[in-house]
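To keep things simple, chains are lettered A, B and C as they appear, and every chain counts its residues starting from 1.
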């Protein structure tokens, strides 16, 4: 491809800026590593999973540093949220395209966009003052895994809806026309053509939403109760990895601070793995 | 002879702008009717009315009457999906679904009848043989339909439309996106099935209309609105047209 | 046949229920915030300073801090995101490896939890760069955070413009950059504005990345190097750490929501105006 001189200058400018973007991720990984190396060296990886509990101190010999309760908390809340938000979100997107009258679909999309814009701290606040008391009446103490799942579901739902909506919109019109010309019913068209033709976009929507659920901090801090324990039921309080960082970074020093950076690294690891899996899914979908 | 489809005083408008006005036309069973005329004179719109694809177009208003064996199609409360099983459609650009070749055939089969897997396979083999695609795809039935060439895709779409045993097949310039060789194959295919099915074909290729059709309807643009100016036996339209616009149109393309 | 129609109707009903359920939850939250927040809001609440850790007084300095953080964030992230998106969508076929590297790193960046940005911002901007807890640290951290969203939505907007324009431009030997500014960017405006909206929304809503970068101080900031408390942090602090802060937390939440709504509407209005002007040209 040949570029004119003007294009070349712009091309290099763009490359420079883009390179800066790539540099940021390198910097983030680098800093998490640098800050967590002291903890990894003096505490050791196995103690993060084998210690009796999470009672960190700046001096590694006196504290205990077990992160697994937080890991379980994060996974439980995320899984719960995605089980609800995934199907509901995709159905809502289908609603917009195939069931709702034009005006209602328009209003519904607007509403979902607004819902997507509601800050996590507002969700958390609402969960804390409205939802948690309701759950307390059902099964004390209120702030719990259950509250966390409900709030997370509501928070990632717009992500799923908007991305699925976009994926469905991208389906070539000729498929829909073809299905109509064959007299396929609405649901068969959706099931056999729409979902399959937008498979890649839909799974990507779920993946991104999962990532958001794992990383969500403030809402979870406010509604989950923040007790570092492995939950026995839906109504037990939990503490997630993210909540742990948000609660403790303010006063953490020494190895305690370093181990918080390590848990950040752990989060990053989980997310990166998911991104790589979704990339792999994508490339396999293309090869099929 | 009673017509299979009779169209009376049909008008189609998009956003209050008429695309086609006052069309009266009879379509006879087992014949091929060609719709010809310059671009934008409402041929495709007419075709879309015959299986209610117009429902998919927002702001499209149809008035008048179309009767398919005593069934009123215009603005009536009929089961559209049932109608579309009886009136199949082939599009200008081949549009196989992004599924495997065989799944493209099985999908409409499954939708409209309860068949076992082996019955489905049998039917799809028959259909693919009928459209002359079997030998080409026999060994790759589970491969994506989109990996086929344009001509093959169009034949697959025809096979797909035939799964439902439609009474009428609407073809919207089925060959305009294809090369001459594929066009010839499709034309042969149309000639093979012409006695079993009624075909309405929109074409810009006058030679094709002349070769294939029994009857021809000529559409023309008057004051930015489509009109049916002449319709008769194909032979008569091409040999002794009466309307001055038809004469010009046919001459222009002959000369 | 009736069996089939029945199941079709059931599915249809179920899908309507899903949509109604979502709408209901949304209205519930909104109603709750509005009904509790409105009585507290007045001009003095918006302009006066914070008193008794937020139990009384207003949120004037907090609004100013929030806007400053946002300004820093956008000044840094928009040029970066636009350039990167242009590279990915317009020049992507020329240097495959490089663009793939960029898009993969953006993909990972997009997935990084905001609290991790907080960790990074705290370690890098606050401590290494010596900016301390300040509006500048907070804004820069947010800029890193919204970069992937901005870039991706701009890229999607650009890609959604039909390739016919690009081919037509190439056939007329118009430099790509001119084509980009004159045809493709205007055509992609709705997508770009939507992306910008998402970015601003995310930045304004962010709490976790700011707690440990821009800090908690609730006084009026004197410069970009002062610590400033964002609206979202104010809500968090009032709800979690200040007993009796609930009423003001409701009011602040309502202000934040209204702010987000206004930004939304302004962005939409701009995009319509922009499109209209371009059509007339």
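Methods note: a contact is a pair of C-beta atoms (placed from the backbone, for glycine too) under 8 Å apart; a residue touches a chain by one contact, two chains touch by 3 or more.
Since the structure is predicted, the reported quantities are computational estimates derived from the model, not experimental observations.
The set of chains touching chain A and also touching chain C is empty. Contact counts per chain pair peak at A-C. Taking each chain's centre as the mean of its CA atoms, B is the chain most distant from chain A.
With centres set at the average Cα position, the gap from chain A to chain C is 16 Å. In terms of their C-alpha centroids, the spacing between chain A and chain B amounts to 48 Å. Taken residue by residue, chain B touches two or more other chains at no position, since every residue touches fewer. Residue positions of chain A touching 2 or more other chains, listed in rising order: 185.
Residue ranges of chain C in contact with chain A, taken from their complex: 4, 7-8, 11-12, 14-16, 18-19, 21-23, 25-26, 29, 32-33, 79-81, 83-84, 86-88, 91, 93-95, 98-99, 101-102, 104-120, 122-124, 144, 147, 151, 156, 175-178, 198, 201, 204-208, 211-212, 232-233, 235-236, 239-240, 246, 249-250, 253, 256-257, 260-261, 264.
Taken together, the chain A residues at the contact with chain B in this complex read 102, 172, 174-185, 188, 192-193, 196-197, 288. Of all the residues in chain B, the ones that touch chain A in their complex are 51, 53, 56, 58, 80-85, 88-89, 91, 93, 95-99, 107-108, 111-112, 144, 157, 160-161, 163-164.
Residues 1, 3-4, 6-7, 10-11, 13-22, 24-28, 31-32, 34-35, 88, 91-92, 94-95, 99-100, 108, 111-126, 128-130, 154, 157, 161, 166, 185-187, 208, 211, 214-218, 221-222, 242, 245-246, 249-250, 260-261, 264, 267-268, 271-272, 274-275, 279 of chain A are the ones that touch chain C when the two sit in their complex.
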